[in-house]
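Chain IDs A, B, C and D follow the sequence of writing; residue 1 opens each chain.
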Amino acid sequence: MIVEMRTRATQKEIDSVVNRARSLDLDVQLNVGTDKTVVAILGSNTGQISTDAFAVLPGVESVSRIMKPYKLASREFKPKDSIVSIDGVDIGGKHVVVMAGPCAVESEKQLLEAARIIKKAGASVLRGGAFKPRTSPFSFQGLEKAGLELLARAKQQMRLPIVTEVVEPRAVSLVSKYADILQVGARNMQNYALLTKIGKSRHPVILKRGFSCTVTEWLTAADYLLAEGDNQVILCERGIRTFEDSTRFSLDICSIPVLKRFTHLPVIVDPSHAAGHYSYVPALAKAAIAAGADGLLIEVHPNPKEALVDGLQSLTPSDFARLMKELKPVAEAIGRSI
Amino acid sequence: MIVEMRTRATQKEIDSVVNRARSLDLDVQLNVGTDKTVVAILGSNTGQISTDAFAVLPGVESVSRIMKPYKLASREFKPKDSIVSIDGVDIGGKHVVVMAGPCAVESEKQLLEAARIIKKAGASVLRGGAFKPRTSPFSFQGLEKAGLELLARAKQQMRLPIVTEVVEPRAVSLVSKYADILQVGARNMQNYALLTKIGKSRHPVILKRGFSCTVTEWLTAADYLLAEGDNQVILCERGIRTFEDSTRFSLDICSIPVLKRFTHLPVIVDPSHAAGHYSYVPALAKAAIAAGADGLLIEVHPNPKEALVDGLQSLTPSDFARLMKELKPVAEAIGRSI
Amino acid sequence: MIVEMRTRATQKEIDSVVNRARSLDLDVQLNVGTDKTVVAILGSNTGQISTDAFAVLPGVESVSRIMKPYKLASREFKPKDSIVSIDGVDIGGKHVVVMAGPCAVESEKQLLEAARIIKKAGASVLRGGAFKPRTSPFSFQGLEKAGLELLARAKQQMRLPIVTEVVEPRAVSLVSKYADILQVGARNMQNYALLTKIGKSRHPVILKRGFSCTVTEWLTAADYLLAEGDNQVILCERGIRTFEDSTRFSLDICSIPVLKRFTHLPVIVDPSHAAGHYSYVPALAKAAIAAGADGLLIEVHPNPKEALVDGLQSLTPSDFARLMKELKPVAEAIGRSI
Amino acid sequence: MIVEMRTRATQKEIDSVVNRARSLDLDVQLNVGTDKTVVAILGSNTGQISTDAFAVLPGVESVSRIMKPYKLASREFKPKDSIVSIDGVDIGGKHVVVMAGPCAVESEKQLLEAARIIKKAGASVLRGGAFKPRTSPFSFQGLEKAGLELLARAKQQMRLPIVTEVVEPRAVSLVSKYADILQVGARNMQNYALLTKIGKSRHPVILKRGFSCTVTEWLTAADYLLAEGDNQVILCERGIRTFEDSTRFSLDICSIPVLKRFTHLPVIVDPSHAAGHYSYVPALAKAAIAAGADGLLIEVHPNPKEALVDGLQSLTPSDFARLMKELKPVAEAIGRSI
């Protein structure tokens, strides 16, 4: 941590910074410049100390962090790529994994049809929401437990691992019985009670990026899962909120190489929620693979026109089949398979 | 809802839009222009219908909403200002209510001292966090149940109503026993499981704005509380996330008149979390009152230099006392008291 | 344009909306709903009329646009893709065009070396700034006229068309003598005096996206060029400003398919300015091609360590050569060449 | 500047950082920590050196600035508040100055009527645009020279100083003949050719904040004016672009105390462009004064319903007169007059 003192800071003020650092078992080095003094505070745990600890002291102008606030998710902690294995499907390896299915589980017919379609087209994980966090209380909130049971049936019939969202701590043990991978939605990325409960379950989990959280905050949220011993964590970029209004969110494509630099965790991309419109999904899916994503999470519905939730961003079966064919050469172009 | 058809949309495509509207019991009016046809879909419940219901149909170019997606929080639903009364303190009336106290409850001594200070300076509600949602799992997470008991003691000794945060559905009944007002933090504004549980409790609640949620999304989240029968809802503006980095968040001062136009719910402002730095709090507090806020939520610590959480944004006792004196003429200037 | 009247709007208020529309030679259709009246205002020129023309009238609640505010840049105006041809290089066709070179022209040696490197690696246009708009007045502002002359020499020796920035109306005729393509920087996207001057020159031009302008505003700015008769306009996505701070800007990858849907103009991508760091450039360049970009604008410096401007985002010669090899299979994967 | 080396940086890499600093005549201090080495680079001119100068060197992980990049605009350079005096009107002193008038000069009748209204209500500077930078080339672009002459007439008749916008370098000398204060619009905040030309003219100038520029970038742009010797610079906050869409922009109210901390320049606020809707202007105007603004720039039109530009954000004469009365006690509440 770098503590910049005010131009006319007194020796006593500088001393109080030094003393606080020492009381926290940190190393201190003074840099006395012509205009101002800068105190460098060093030590491997400075990332976990609040900058406020120093910023509140008199005579301090600013405090900047050098160490990242996350630890277990960092490449410094674990240099080698983590691979999450689900029923023989490796996420984070050379193969790009496609997870697909409807936004919400609506009926047995709809789900089984979706499962058949996506498996035939080459996807290897089935997605479908049983609990739906909806903006309005007057919207369809999902089939809940009945939806989980339909997912179990689809899994059995189609032999596809299942990913589904869990929206509150109380439901973690229930959903874990049905889901091969739990999903934490964007609105829950900083729901620490939920993260802690999932972390303790040690279940595989997809942590979606909060739509206005920085990469650093996202990795710090992942630390909540990792700190409880859950090391089967997959990150999912799904777009951030910006001023641009032609798409629902703005896919932060550069988060992929940034994450690859700073974390060992696998990274997948959800082009459907980012775009909010089916016609943009193919371009985003290809871009995500080209940029190095380890997988995709795509909404597919047997009949988007009749979807109860987010039909506009769902691909039709034929559009999805065509996209899967188009993704193959893109993955191969960068030395991967799909 | 206004459905814009593509330039060369067929009659069949237009008919399918009309039929869907009718199947949802909505009125339809066709506007046939020289370039394109526009279908107006009218009816008092269109606010609660997803635009996707029409956007997915073939031949549709775009769908725009006319009715707001929220209902119970709207001024159209309830034109008169709501007032939330807590132990004789009216929030939403002519008097501007100040809630103050430390970010986190740290000890009996700290809390009682804070309570004495803020009461003496003229605040009428004591704030203090027992459960702290922290960005990093390695940071202090609050005293939890012991913190609630300290709050109860402070309440009894100082005769001040208490506001404290609740972070998960399971804790609602426990925290409600101690808190006069529950607080939903910014990161939980769209935690619908939590909102539903609080709504059912019908406990007074402060709903902080998610730091990247629009005013419309905020009022729609308030509908979750109101739909369960909880009509003691207070909104709290606490800054939004923008590109500006000289402050922690950007206080959206204009949300105050916007809310006053569209909702009947009282609105308070938290200048401390918006600014992230004590030196900016007085200017923001004055601006909030001048813009029409019904109250303030301010962090005050007996000794910010030793605060365990957010010390940099806490006012010292003397700064708070001075601010309270400065706020009085500002409130009077716009015809209110404080 | 859709004019929503207030719930209790009078007949007189509705009439004044209708009369204003008619006075502007527009068609009007009334939609009388149970709750409120909605006036649809139709006609092919409504995109160029301000929503304020109706929003200011008494009894009006809101006004929404249906027609886009841009016209000449739209696919409705010109359905077929535009191709800009520069010295036999077609931008907007099947071949993906790479423009590369140093951020700033620094010396004859640097520029010629850069030109040799990028030509050998397969780029077909040389970029280099002679006039540099810099954030601080105390930074290097470019070689100005001497820089243009070095560009002319490089063009002659290496037979590469030149793209360079023009920063003020007065300089348009001078820079046009040297540049095959003029560049309008992000900070000048809405410098209408500059756009009008360039438009009149009918010179080929790259219009970079303002870093906080929407796609709609960008296309409306392009209309300034097109309206003067300049139809050799290339759009360049270079990242938008968001809250994310791990990269300098956030590349809005989805703007590519959005632009392909709404405009006929060719679209290129500048991954260097978006990322702000050389290590992220390859991932972004591949993603841009996969998403459908017609070209790339990449910073390459013979020796980034000694660059006077933006060295951190410049590729070294060997990194650039490697990237060009890696881009080939990506372009082929989507049926294009590079 | 603080240069953080990578964990396993070599001595040679550290040396190259030290050598570069010395070659730039800067002081260097090494901080060797257990995990990594941090190089502090000190000297009063480090603010004007690009961080890239060090970030490009091998073995460097990150570079953070300590000194601000602006210099002449800083309080460190000039601790005492600057006051800009125009015809006996002091901007930046105890009196809050109100500048008001129509967005665009439309006719002699309109302008003189506006001038009379605002003078009578207590405003002391007349605003009105003769050159209008408009988003679309098909919109009204202002009366240009004829508009300037109408401003001159209004000035003479009403004895009010004039502020009007200048949009290109070529027009600076012309507009300076008519305007007491030049205005640089938000879209031109980083139009350095324009800033340099105005700076040389040493004319009083209002520098509006670019709608997505940070406070730091804004003050660095002010340095362009100050560096040319123009020290009559007034800053104008007019809202920033965020995701919130209920207002045209989000007024960054906290920029006022931030500017008061870091710069000596006077600060005014334009509530009209921030809100985009007349009904929010009074709340924002009061908030701005309460937060410490030195003045206001407000749009007033004799008949907003007939305004050619931005009628929706213009106050009517009676609304403006009422607002001026309401502002008086707010200014007095914080110890100022208006």
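Simple rule for what comes next: contacts are C-beta pairs under 8 Å (C-beta built on N, C-alpha and C of every residue); 3 or more make two chains touch, one makes a residue touch a chain.
No experiment lies behind these values; they were computed from the predicted model shown.
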{"item": "Chain whose Cα centroid lies at the greatest distance from that of chain B", "value": "C"}
{"item": "Higher-contact pair (C-beta pairs counted), B-D versus A-D", "value": "B-D"}
{"item": "CA centroid of chain A to CA centroid of chain D, Å", "value": "38"}
{"item": "Inter-chain centre distance, chain B versus chain D - centres from mean C-alpha coordinates, in Å", "value": "31"}
{"item": "Touching two or more other chains - residue numbers and ranges from chain D", "value": "212, 241-243, 245"}
{"item": "Arrangement of touching chains [line / ring / star / complete / other]", "value": "complete"}
{"item": "Chain D partner contacts - residues on chain C that touch it in the complex", "value": "48, 50-53, 55-58, 69-71, 133-139, 167-170, 187-188, 190-194, 196, 211-212, 217, 220-221, 223-224, 227, 241, 304-305, 307, 309-312"}
{"item": "List of chain C residues in touch with chain A within their complex", "value": "212, 214-216, 240, 242-247, 250-258, 260-262, 274-275, 279-280, 282-284, 286-292, 326, 329-330, 332-334"}
{"item": "For the chain D and chain A complex, residues of the former touching the latter", "value": "2, 4, 7, 27, 29, 31-36, 38, 40, 42-44, 62, 64, 66-67, 76, 212, 241-243, 245"}
